[in-house]
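The following blocks contain the structures, represented as structure tokens.
Both complexes below contain subunit A, partnered by subunit B and then by subunit C.
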Partner chain A sequence: MRRLLHEMNPSLKFLAVTACMLALAFFFNPWTPLMFFLGIVLVQLLFSQTNWKLWSLVMLPFVFGAFGYFWTTLVFGESGDGPVLWTIGMIEITAQKWEHAWSLSLRVLAFSSISLLFAFTTDPVRFIQSLMQQGKLSPKLAFSVLISYQFLPVLKTEFEQLQQAHRLRGPGAKPTPFKRITALRRLLIPLLAGAVRKAERAAFAMEARAFTGAARSHYREIKLGHKDYALLGMFSLVLALSCSAVFWT
Partner chain B sequence: MLKEWKLKEIVLMSLFGVVFGIVYLLFLHIGNLWAGVIGPLAYEWMFGIWFIVSIISMYIIRKPGAAFLPETLAAAIEVMLGNAIGPRLILSGIIQGLGAEAAFALTRYRHFHVGILMLAGASAGVFSFVYGYFLSGYAALDPSFVALMFTLRVASGAIIAGIGGKYIADALLATGSLRGYAIAKAEKGDARA
Partner chain C sequence: MPVLKPIFQLDDFSFRFPESAQPTLHTITLAIYPQERLVITGPSGCGKSTLLYVLNRLYPHNCDGEVSGNVRIFGRISQEYEPGEANRHVATVFQDPDSQFCMPTVEEELAFTLENLQVPREEMPKRIDRILRMTGLDDIRHGVIQNFSGGMKQRIATACALIMEPDCLLLDEPLAHLDPLTAKEFVAWLGQLQQQSGLAIVAVEHKLELWGEFFDREVSLSENGAIQKDQAYTRRNAPFLPKRETAKQPKVLFEARDVSITRASKALLRGASLQLYEGEVMVIAGPNGSGKSTLLKALCGIMKRDSGMISGEFAGFVPQSPEQLFLSKTVEEELSYSGNSSPHDVKDLLEALALNPIAQDHPFSVSHGQKRRVAIGAMLADRRQVLLLDEPTAGQDLKALMELHHQITSRAQDGCALIVVTHDMNFALSIADTICLMKDGRLSAPLEPQELFSSPALLAEHRLYWPEKEESYATSFT
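Up next, the complex of A and B:
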């Protein structure tokens, strides 16, 4: 049970998540995103093995973001009709504005919850393989992406080397966070130049091993079965329940 | 679409996707911190950063799809590395990539001077704004505020993505590692291509 979401077909999961998000965008009442958020967290609680400490940590910036949305909508939102709840300085907060503010900021939380569900339960390599097997992604592209993905740790080491080399020759002691961002500009070009050369070598290596991008069989098959459709049904249920909030509020 | 591509171009494009996926993610976190303080407006003036890989890749490879694919990929990488915006980000990547691609398709992939690159950046801004308008519910905001957001985003696309992208690609060309790609051949003239 606790592995269900991890084992779900990644392409189908991706479709479900995207569909949920698009559907939520049509709702401007606060209850729909709130219920959806709670429902998704519950689903993840029941059917996955999530590191909840990490989850909260990643969620935190989005709580800030939601707060940003909340007060911008209060200040810059369209006033609309309806009774004025209260006035702060120049700003009149109408009932409609109040509702929109809650809705937009809760929407941020609803979106983050389902996104985190996807991120925490999906293995990137399986996702690409599934896209290739079920989504008809071109193998040429899929394998190029997988190769580039494998380069990530190499690029990270290279980035650190460049950084150290630069520090050795110039700026001296530990840079401040702000300086680190401006220094990115100087590091980006050499990093990219190295990446371009790596890409070329990788492509030659693939061709040398007779990779043509033609149709191929797969060592690790990603299946699509009853369990996947059952989970899809569960996502739809959560979505339908939260959308029904329109009728009873 | 990929039939005419050489394998090394596809790998290069994917690698750009990966590198800029990381850069995008970094700026996403910076933007998020901002956004908590000054609301959605925080993102607008720096939005061009998120269109830049389209411009760089198209300017170097110069084939149909070279703007759309890496942008989509960069977004996919951001999702794979794990961030809370999640799969929705892939959708925004697709839309931003289509925006940039549209500008190049309009000129039939023949011209790559700075004006076209800026147009592509601006077009990516327009596309992404229409999408954001719908998804983030900007309709609930005051029209003049929305207009300000729109102007900032399009200008940022033209300047940061258009001019910045050309600057980075030209700097890369100067390192000599781009020999064998369309950009270097164009530089030498058609006689030796």
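Up next, the complex of A and C:
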């Protein structure tokens, strides 16, 4: 049970996540995103093995963002005609403002929860393979993504090496703030030049192994079965329940 | 015995890159037969790799090169093949172990080749099992490629090439990034595979001393890209490099005591101590990943040490790719960048390092040897009298080695102290006053080169190998 979300077909999961986000965009009451957020966290709790400590850490900036929305809406939002609930200093908080503030900030949380669910339960390589097998993504495009995924750690080491080498040269004769910014350009140009060289080598290596971008067989079959549709149903249920908040609030 | 049909047949073949005036390959006529073990040699930039890329049909298809004459692959004109079609029978292993993989694990990488060949899924596990057994890589089937050492990556790349069941394997300086004993092991392993599978092997290489008796034919290209010699291969010893006269003075220039670095709870350096005298050349050698580069970075202060102390003159660092240091648009500006040297001193340095002819060139556009001289010049102009050279010998041909030798000799005579990290023990013997060995972050006390030379156990322990004394201990270690 705890592996279900990880094993779900990644293309279908992606479709479900995108559909949820699009649907949520049409609901402007605070209850829909709140219920959706709670529902998604519950689903993730039940059907995945998530490192919740890491999850909270990644969630933190979104929570700050949500609070930012909440506060700025209260301070700068349109007051409307509704009754004034409180007055804090110069700020009059009307019922409409209050609702808008909650709605906006909960929306941020709802969107981030569903995005994190996808990020925490999806292996990027499997996702690309699935897009190739179910989504008919062209192998050329798919493998360029896969190979850049392999290059990220290499580029990171290269960037660190460049930074270290430049630290040795010092800030130059007269370091000014402007010079510091242009120094970044000096890091980026050799880094990009190196990346282009590496990309060419990788392309050669792939062609040398008979990669042409034409049709191919697949070693790891990414299946699409009943379980996947059942999970899709569950996402739809969470979405439908949250959206139904329109009728009972 | 039936006459074998050649795998490759080149007739009067010339090749020119669109951006260069002179042809890179010049009227080459060559036939390569099944089961041959052929090496292509020649000075840097003579077109060896280009020739290899013509054989696997990456050129001229991928570079709009201008071609005359014919290349036939299995009797069929090269241009008639679809892209990737010829590569089903001609496999290639490249020089850079880091940029020839596109999947995370060994198994998936092997499968990538089979997927390209549209091998049915049911058949794949069998072929993967077989190749893993044949190459002795069973244990790392699910290993993550990026975590392996350079030597292992080259083996994985070879396995990925062999799983195609090719008729010919092309190798582009496959040993350039390996330490000497790892290189020897790779050669022995490749020899066994060749005997089992009977494929032809064509390699580009200039460090022949590591290959022993491996090849049976040698094609050497001259500077202008024509075939100079096509002859039976004879085993090579390491090239002769003159022994440098010591310039060591009694004055201590630089000292480090008990330098330790721990990163992510892994000890990279464990209490390294050393002393450098004026005019001294010290070589540091040891296996890949033993902490040599970390030590150099700690000594010149670009990596923070956790404990220990460093005193004496400032140390300057020349990375394996010297262009990493460059910040300016011309060589002259590069030297005067820090503002630590007067214009007069910069002029003197340009003169001493023979950089005057390229003083107004962009430092990225000069040759590799010149780049290193610019980097050394920049360090000296920054008032760093202790020079730390990281792997300056990797992938260098004899001419480049001689230039490096000359450069180190002159700097030592001028009163600098140098530390050179290298795997090339032949080179080390010719320049070193002292040799320190490194393993698992520990630095040995300085040894006389002769002392090390007579201690095979010590060499083997640090995965080093003295090219002249072949086989006696290298095989016992594997």
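Descriptive notes on the structure:
By our rule, the second predicted complex is superposed on the first by the 228 of 249 C-alpha atoms of A that agree within 3 Å, B and C clash if a C-alpha of one lies under 4 Å from a C-alpha of the other, contacts with A are read in each partner's own complex, and residues count from 1 in each chain.
In the analysis below, a contact is a pair of C-beta atoms (placed from the backbone, for glycine too) under 8 Å apart; a residue touches a chain by one contact, two chains touch by 3 or more.
Note that this is a predicted model, so its numbers are computed, not measured.
In the model built by aligning both structures on subunit A, subunit B fits alongside subunit C without clashing. Looking at the superposed arrangement, the partner reaching more residues of subunit A, out of subunit B and subunit C, is B. Of the two partner chains placed around the shared chain by superposition, subunit B and subunit C are both touched by A:Lys198. Rounded to the nearest 10, the angle at the Cα centre of subunit A between subunit B and subunit C in the chain-A superposition is 70°. In the superposed model, A:Glu207 makes contact with both subunit B and subunit C. Of the two partner chains placed by superposition, only subunit C is touched by A:Ala215; subunit B is not. Look at A:Leu141: by the touch rule set out above, it reaches subunit B but stays clear of subunit C.
Once chain A of one complex is fitted onto chain A of the other, the partner contacts of A:His100 are limited to subunit B, with no touch recorded for subunit C.
Legend: residue contacts after superposition of the two complexes on their common chain; A:His226 is shown touching neither subunit B nor subunit C. Once the two complexes are overlaid on the shared chain, A:Lys53 sits clear of subunit B and of subunit C alike. In the superposed model, A:Phe62 makes contact with subunit B only, not with subunit C. When the two structures are aligned on their common chain, the gap between the nearest CA atoms of subunit B and subunit C comes to 7 Å.
Shared contact residues of subunit A with subunit B and subunit C: 147, 151, 190, 193, 198, 202-204, 206-207, 211. Within the complex formed with subunit B, the residues of subunit A that make contact are 14, 17-18, 21-22, 25, 28, 58-59, 61-62, 64-65, 67-69, 71-73, 75-78, 100, 103-104, 107, 111-112, 114-116, 118-120, 124, 127, 138, 140-141, 144-145, 147-149, 151-152, 155, 181, 184, 188-200, 202-204, 206-207, 211, 213. Of all residues in subunit B, only 2, 5-8, 10-19, 22-23, 29-30, 32-33, 35-42, 69, 73, 76-77, 79-80, 82-91, 134-137, 140-143, 145, 168, 171-172, 175, 177-178, 180 touch subunit A in the complex they form. Residues 125, 143, 146-147, 150-151, 153-154, 161-162, 164-170, 172-174, 183, 186, 190, 193, 198, 201-212, 214-221 of subunit A are the ones that touch subunit C when the two sit in their complex. Those residues of subunit C that touch subunit A in the shared complex are 53, 56, 58, 62, 82-85, 87-88, 91-92, 94, 96, 98-104, 108, 111-121, 124, 146, 160-161, 164, 297, 300-303, 316-317, 319, 323-327, 337-339, 364, 378, 382.
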